[in-house]
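Once you scroll down, you'll see the structures, which are given as structure tokens.
Presented sequentially are two complexes of subunit A, the first with subunit B as partner and the second with subunit C.
Take a look at the complex of A and B:
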């Protein structure tokens, strides 16, 4: 297998590597470099300013607000999403037992639920955000319309316009659109857990809650953990950016109440023409993302269970 | 939708005293899965199903209504099917252009991603050479970096190459940002394929290139389909990259164009048309999902499970 090996390797690697280096690696390296300059992005001239951008960032209220919201997205949102998804997946795969002689089955209609729950996952986050923007509209939106129809006409929140509510509304939409993916992911994981474990638990008279906490969750732990990292990276990056940018008006919601780090990067670069400062916030976002992943992997580490 | 199962034949362990606390009293349970806890669990499952399906049905229904009834009676059925919303959205609101652009960009990106991704993955999975590990981690590391950080310099990289606001520029960027996951997934996939067939072909005189395209690639079809679906959905639904790198109104892709429509002044007032556009953009992927349900689910979950 030696003949022409290196020529072949180079030939096959050169195109993908070149593309990746030009459009991914090089911009990343540049970003870190630019964060030490005073580059506006408008003119080609700039000079090194050392840590000035970083000092400015630490005294920037909007940065701290964005960071706070992004952390909330990365910590709370996965907790609720994965919790709900675990509950659903357990019900759909293990929850309904004592039927047809099989040791474990899902509840009735689990096939339908699995298909339906996944629907939002195939939709663009932009479309989902637009749809809910209409639903949340305080005057003509369908949510307040429904509240009125069931006799709660006095409760007419301003939803996305209320600084205290807007962030939660955005989070609810992200929850809505991602739970289905994890239901299906955990279902696939649960399918690989040997049936005899459940049969043994059943014979011992274990309740569903016990079965879940003693068998399903420990054996599914690896999947849950990588799901958490995956969800957190989404919530720190692209998904949160799109949802906040589309759904909440103005500079990241009323009184910056929904702004998140990726949105602040975008605004600093393309609205405020402050490319260098934008990359500085971007570096902070990178650090937060890497720290988040490292902490989740570390805290979540348990003895791997073989089965 | 409640539990209507007939009682099971025999299930002696069900009502042991030590577990009775966690269940409803057996005499009240009308079904085998019965009890308050079950009704509660089923209730949540049903409520979530409604919450997922209802907004989509509502959007479809709304796209056939006229502007007045959208807001005056959001939950009523349309008085008649206003197909004019759809034709208006398709032609006047440029939905046809957005569709065309999206098809071009995603079509070329997807093919490019699969070809380049599988080439790199094959070499990394099958050949020992200095730097192999380094290149692999260079690719895979890209999965955990926030794209937003690179976007600011990337804007200027594309600008210098005269690729800003062009479809080819967008295609190249889509391919580049799809490579980390694609290479990661396909490398582990190529490692699982048997080596003997490729070696036999090579001994018979086939070149490395020919062995790859005629033997390894066809064998890797299941993996290519999985990663292809993953990339298709990701690229079709992409919003952040085109928002930053593609601001020419004529070159907009679907998700971007719709958001533009919703906020633009020119479209003010035509809510029914906008809903028709939204549903138009939703339907192809929803239909594809219903038809290829199994493959989509496998494709999307395969990566995370690896």
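Take a look at the complex of A and C:
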């Protein structure tokens, strides 16, 4: 029966592997190749320049600033987002205590909350960024208006116009728009945890915190880890780019306080007509992303619990 | 133990294979730009067969091949595309055998970049909008056709005049980069300056201030009535130069701006720059800038200004069309050259920044470059120019063409300002020569920070000079000089 097994498998894999090679691997190879040229992106002629783009990148303050901000996004944002999402999901599914019938239930109105949390996920990040741009407006935006209404008229920050606040403002928007997705994801994960565990914990008189840390979190660990990687990608890549590009001063400002790697790639390629340098930064971004994934996988590895 | 729907066959957590798979997916998502860039990367083939030029006659001075198809790509922005389709229709009447392929888009660069790389660009492009292709690079890489034949061709309205003699001042120079060839034909003509409501000034019993002391006094008067003196597009502080650069020229003469454009060492340390920066900084220090301005974008600042929250805003003549829906009927929009410092200024009051907008280019590898130029010649006729002006409230490169059409208040004021300026029109080139330096470094990191009160004028000048020096040294940027 084993005869020809490999040929059989290979036969099936050829087409997808070829597609993968053409549309995924080959562009990477090309991009790395172009990072060693002086290609502008506007003309077919270019020549090899060796490591010139890389030396330039290493001496480029803006690159280091972008990298720093991107790393901050990738480390901090998942932590806060997943933490909040876990808390919400726990409260929605397990947190309730005082109702008759089911022993394990969410807080009152959890069905509604679930939808409310998920709602931002339906909007594209571009719309979300535009909405918050208006909310952050220092004159007639909602946030400063609220501050005024509750008697804090003297506290009227410039939000996106202030280099000390702008980056946090962008992060808050990403947090707002992504946390709902993870609430739903974790809710699904929690729903698959056997109820007997919770009932047993309940009988032993365990508190909510204990239940969470001893039962929910360990059993949800795989989901959390995937979520971490996913959130990291969002924070390193597309979402962070869109929010910074649409909302911030410049964009990327004020005074480079919100610039991130994908924005710098975009600006180098499409504003400065320096596609070769853009691919160089893209390669750096690729390395950062791979390192991030590897570290998360390594750190997060643990014995899987059987149940 | 209890049953669950979660699969539990994998006992090792995430394995190596999973990691590789996910890493690949990661890369795929995080570096889309790279794959896009590579996808459109150069294939050296395809230097398309050029259409043979036709015979030059008095009716066809550029020698257009009557049967050659014409491909036109127009930026579909604030000016719409009707003016261009109107001109296309005229081309069709003149050359009925030619097939005209008209295409309107907002994505100039992403649609045309692959065509440039592949050597098959269209015959005429309106290279405008947020996705404008870098003109310096296009010129440097020899991707454009020299438009001198067009400029030396007879004009449509008066065959005894050359096209170049019918254009507004500065248009031809703006299309040049190094030496004689003219690479770009700017079709619109933009007046930059300080925009205000004549009605609001009348209410304050004031006329437009000519010296900085008068400006400060007027701002103080407005402040007492609860009105700010100035606002600007805080998120895009590179709107500030629209009034700041001609202000510098007025104080120190146009050589100061030329030195800045030429990236000469210490160009920004000129005393005229210092005086201008200090004057603007005083607006901030005295609280004459609308509160929150550093955090708002151009639309928000224009809206606040139209609502009467601030008197003045530095802007270009497109503001009339762009803010048409928020400008009140009795606003009486007007523009002025910048207020001067005092009587020792080198240039007279009225000195203004005006220059071309909507850059049209004919690619070097176009199939039918003569057709592209002929289309431009048609657009530069008096009739087409009038058509444009009445449609979109903007002047064109054609000098005149405003008689007999009802001018809106802003346009009228713009024409008057140009008349007042006479030859005192300045044309700083930083924004088309060195985009990054102008927008991000001088604009956002320098002027924006200073006007938000986070840099003193001296610090801002030092910082900007540093950026300019770095740009002068950067070998990946092509450098230009005023002729």
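As a convention for this text, the second predicted complex is superposed on the first by the 278 of 307 C-alpha atoms of A that agree within 3 Å, B and C clash if a C-alpha of one lies under 4 Å from a C-alpha of the other, contacts with A are read in each partner's own complex, and residues count from 1 in each chain.
Keep this in mind: a residue touches a chain if its C-beta (ideal position, glycine included) is under 8 Å from a C-beta of that chain, and two chains touch if they have at least 3 such contacts.
Bear in mind that the values here come from a model prediction, so they are computed numbers and not experimental data.
Partner contacting the larger number of subunit A residues, of subunit B and subunit C: B. Contact with subunit B, but none with subunit C, is seen for A:5 once the two complexes are overlaid on the shared chain. Of the two partner chains, subunit B is the only one touched by A:120; subunit C is not.
Of the two partner chains, subunit B is the only one that A:13 touches; subunit C does not reach it.
When the shared chain is aligned, subunit B and subunit C each come close enough to touch A:41. In the superposition on chain A, A:255 makes contact with subunit C only, not with subunit B. Shared interface residues of subunit A, touching subunit B in one complex and subunit C in the other, are 23-24, 26-28, 30-31, 34, 41, 133, 139, 189, 233, 236-238, 262, 265-266, 269-270, 275, 278-279, 282-283, 285-286, 289-290, 293. Remark: subunit C residues 1-6, 8, 10-14, 19, 22-24, 26-35, 37-39, 41-44, 109-110, 113, 116-119, 131, 133-134, 136-138, 141-143, 234-237, 290-297, 300, 304, 309, 435-436, 439-440, 443-445, 448-449, 452, 454, 476 touch subunit A in the complex. Across the complex, subunit C is touched by residues 23-24, 26-28, 30-31, 34, 38-46, 56, 133, 136-139, 144, 156, 158-163, 189, 192-197, 222, 225, 229, 233, 236-238, 248-256, 262, 265-267, 269-275, 277-279, 282-283, 285-286, 289-290, 292-294, 297, 300-304, 306-307 of subunit A. If you check the complex, the residues on subunit A that touch subunit B are 1, 4-6, 8-9, 11-13, 15-17, 19-20, 22-28, 30-31, 34, 41, 84, 87-88, 91-92, 95-99, 107-109, 112-127, 129-135, 139-142, 145-146, 149, 176, 179-181, 184-185, 188-189, 202-210, 223, 226-227, 230, 233, 236-238, 241-242, 245-246, 261-262, 265-266, 269-270, 275, 278-279, 282-283, 285-286, 289-290, 293. Listed in rising order, the residues of subunit B touching subunit A in the complex are 1, 3-5, 8, 11, 13-14, 16, 18-19, 22-23, 32-33, 37, 41-42, 44-45, 48-49, 51-53, 55-56, 58-59, 70-71, 74-75, 116-117, 119-120, 122-123, 127, 129, 135, 138-139, 142, 144-157, 172-173, 175-177, 179-180, 183, 199, 202, 207-209, 212, 233, 236-240, 243-244, 254-256, 258-259, 262, 271, 275, 278, 281-282, 285-286, 288-290, 293, 296-297, 300-301, 304-305.
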